[in-house]
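Same chain, two partners: subunit A is paired with subunit B first, then with subunit C.
Up next is the complex of A and B:
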């Protein structure tokens, strides 16, 4: 058993090294002075720790504004998504009516369509509303999520009917039952979806590229790319510093909510 | 507390008719058990009284008020579930407080915001007192800060009872509240629920498939079968005076022995295929007036086990079940299986020491106490022996 464990861990460690290396290299470069960046040797630890790249990222690269935009966009999207998917999932999970099956099939069908397919019609709609090059254009198309509805519906279905009946007899309204009984019991799933949504929209490059023109409305990934091509073509140091800053919030959020994330996606049912 | 009255309740699920016209009146302070085998409609009936299901026809009134179309929360009833249905994310205190919070004035029910209200403190104090008093009465005062998952089955059931009690409902509805507990705990909880009912002067409608629970706790038992009320009465009256074969066979453990009395000749009668001389004249006469066939129900305590050379129904001891305070002897009736008339097993309730005197496989004879026999016709309807005699 010991040798097998060792082999397993060795394989995992090699895999982890491959995945982590670009990331570590990015962090390493962000702290190096310019002459050291172009040093052909593979030094992971900078010879001198230099914070100038970070200062430059904030002063010339507007990383601060990218971060604020990114935060505003992802949190607005998440809030709107919770607002729409919780009631939708509740109805699909717990109500018997003739259209329930077809509606669920529609939701599942939407899951199969890649966002690139609908990009042009959605672009035309957003443009028709006169929202091109605003933050609203980044938020409104993602106000709901088929994946979220499906994930939550599955989770809501694990709640025993007795619990909902008890709440009804105790005098809770339908809204109250959802808010005080169902949502708290499905918290891990809601948290997992939250992290998923934030990661996807924080890292999204495709949609912001279509609807954002001005640097002041750019989200982090778009901002960096504009920054890279426009002025920082060979400014590797500040670019790596910006990239590090942009990834940091996600890493911190994930580490804080790691348990909820895993629980929510493995879907452990609750017992009464 | 109030009277609960049901009139002509019908309910179907798709093609299946679950309740076929139930009429029932439960007085204030009464403990009524809805008893029946699984699938008899008892839980559906309870859910209709609670308002969780709507009846197809018929009406329900609680305390003289027609509640047929009302929501469960407007009926002022409490429901205790078999699964306890405690809210897993709330502490015991919050579980008990939940129905009270739902009845608070509207401004105290707004999520989050209500915490800032000036009246909040006074309401919260009143609520604290109520919850703590109720919890102390049931003996769970020490567990108020725990989550349901940290409690044993018996403690959870107590929390569920407290949650029902705390809002002083017009009636308690209980759906097999004890069936998830082990046997020992169950008999303790039976006594506790009964005492609670006396103390609160509560009206309780109690669904169970366990006749022991129904017989020991209820003032009246309503026996349901296939959506129809078979008989309503005090527990002992159902046992001693069942109105049909189903009631006779359902109540009593082990269940009543069914014997088939048949006219076999001019003056000869057989019981389960064996010629028996001792059948009394009145039973013979009733059998003749019912086409020569009569079903007789004889309780296990009304059958005597006698030696092989005596007169009686011949049989062979198949199984001896010593229970300590009594011994059950399971006798297979000789020849019955071959002839194909009547059940081939008869259970005898004997004294504890029978375990020493009776051998498995021994040939014996059975003497039913004919005076105690209950007569049924082919359709299972009860035939009152005295009335039948008087008419004849």
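Up next is the complex of A and C:
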């Protein structure tokens, strides 16, 4: 039994080495001097550690502005989504009214629409509003999430009515009950949705590609693709440094919060 | 008699309560979310279908309805056929590959007595990483002269392959890079399904004479894993149809349309050639396929969750 375990671990380790090799090679190249990058001896550990690639990634590749844009866009989207989905999910979960069913059906209907399908009309709207090449164009179309509403509605329904009644008897307003009692009680679901939203929008490439032209307004994936297709194509070192800086934040966050990430991306991941 | 009367009475009371229900509650709580849902999701989806029946081009003020002309033109177009065939071929490559590898990984990870969480984490790392940035890294790894793969091939005495620039290889290379990113995701889904198979079933199978792990896999694991397998299978199909990033960044559909796939054709028609009518027709076809797959997946998801 123990030997079989050992063999399994060995096989898993070989597979893992293969899966992680691109990351290792990326980091290794990002610290190499130019002559060593083109050296066919393929050393994993750079002979001399060189930070010039990182300096160049910031000065030449503008990776700093991609990261700032990415952070601003993902956090603005998430803040707007929380502000819109929490009240809507609360009403759908806890109120009886005749339009409840139709509205919930609308939410489920939107879940069926892939983002690429709405791209043309939304692009026309965004350009009609004069928002092409602004960060607003990256944020506004995602100000709410059908998936988030659905997920939170399910979670809000599990809270016992007694708890809410007690709060009301104590004189808490409905607004206060929602934000001070329901929201903290559903924290795990809100966190899972937050991780899902951040990962999706940090990594989204299709939409930024349509509405952003200038390098200075680019989000991380768009920025590195422009950098790679322009002068960067031959500038392997700075490009690998940029890639490292773009990949690193989410990978580090994942390693720190493994459980929430896996939950956020698989249980919520039915909406790709 | 009295029982029926009570039931009828209760039903009446419920009906009366339903009648007293207001049409809407807390409209201000609902308005922001539903305004965005209508303006940026529902109406655009309908508009896309409408545009697909016009000859509209971006930047032109006038357009006319052309019926199903865009669809007819697409079906007759060699380029679109190439794109469709490539998309299906890519699916045929990626779906079984991802399915088999992630199932094997999940079985291996579940079988070890210690270190499950560790391996799950390791294989999940590519899922959280940015595919565009990693595509750039893969591009360099697969470079025909300077890349690691080429050096490895040379040291093995093989002729290096131009993975991303060879008509015969490019589609598989693109599929391979995309699968590399998502394998860990499917593995985690399989692990969830595997962890829910009661261990008593394995003991029962052992008593019934299923002595080898191979027998136990076919007699217990595979049938019990049914709902999970189907769910993962549909997700791999959905994800494969949605491939775009790697193609856009590394090949632009080339060389010579060998890696042209449906979303890239949609992007080109709409946002490079500005033929919005044609692009909308492609989007509508894509929508129809995804609608079917997603509805099916939602039904499977209920079973998947129920069974968890």
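Operating definition for what follows: the second predicted complex is superposed on the first by the 229 of 272 C-alpha atoms of A that agree within 3 Å, B and C clash if a C-alpha of one lies under 4 Å from a C-alpha of the other, contacts with A are read in each partner's own complex, and residues count from 1 in each chain.
Heads up, the rule we're going with is that a contact is a pair of C-beta atoms (placed from the backbone, for glycine too) under 8 Å apart; a residue touches a chain by one contact, two chains touch by 3 or more.
Everything quoted here is computed from the prediction, not taken from an experiment.
By the touch criterion stated above, A:110 is placed in contact with subunit C alone, subunit B being left untouched.
Once the two complexes are laid over each other on the shared chain, residue contacts for A:166 go to subunit B alone; subunit C is not touched.
Look at A:254: by the touch rule set out above, it reaches subunit C but stays clear of subunit B.
When subunit A is checked against subunit B and against subunit C, the one touching more of its residues turns out to be C. In the superposed pair of complexes, A:49 makes contact with neither subunit B nor subunit C. Contacts of A:35 after superposition: neither subunit B nor subunit C is touched. Judged by the touch definition given at the top, the superposed model places A:8 against subunit C, while subunit B stays out of reach.
By the document's definition of touching, of the two partners only subunit C reaches A:224; subunit B does not.
Under the contact criterion defined above, the residues of subunit A that touch both subunit B in one complex and subunit C in the other are 270, 272. Across the interface of their complex, subunit C is touched by residues 4-5, 8-9, 11-12, 15-16, 19-23, 25-26, 29, 38, 40, 42, 83-85, 87-88, 90-92, 95-100, 103, 106-107, 109-114, 116-125, 140-144, 146, 149, 199, 202-203, 205-206, 209-210, 220-222, 224-225, 228-229, 236, 239-240, 242-243, 246-247, 250-251, 253-255, 258, 261-262, 265-266, 269-270, 272 of subunit A. Listing the residues of subunit B that touch subunit A in their complex gives 47, 50-52, 71-73, 77-79, 81-89, 98-99, 102-103, 109, 111, 148-149, 163. Within the complex, the subunit A residues that touch subunit B are 160, 162-163, 165-172, 176, 179-181, 184-185, 187, 270-272. Note for the complex: subunit C touches subunit A at residues 18, 21-26, 28-30, 32-34, 36-37, 39-45, 47-48, 51, 58, 105, 108-109, 111-113, 115, 117, 119-134, 136-141, 146, 148, 151, 180, 183-185, 188-189, 192, 235, 238-239, 242, 244-245, 248-249, 263, 266-267, 270-271, 276, 279-280, 283-284, 286-287, 290-291, 294-295, 297-298, 301.
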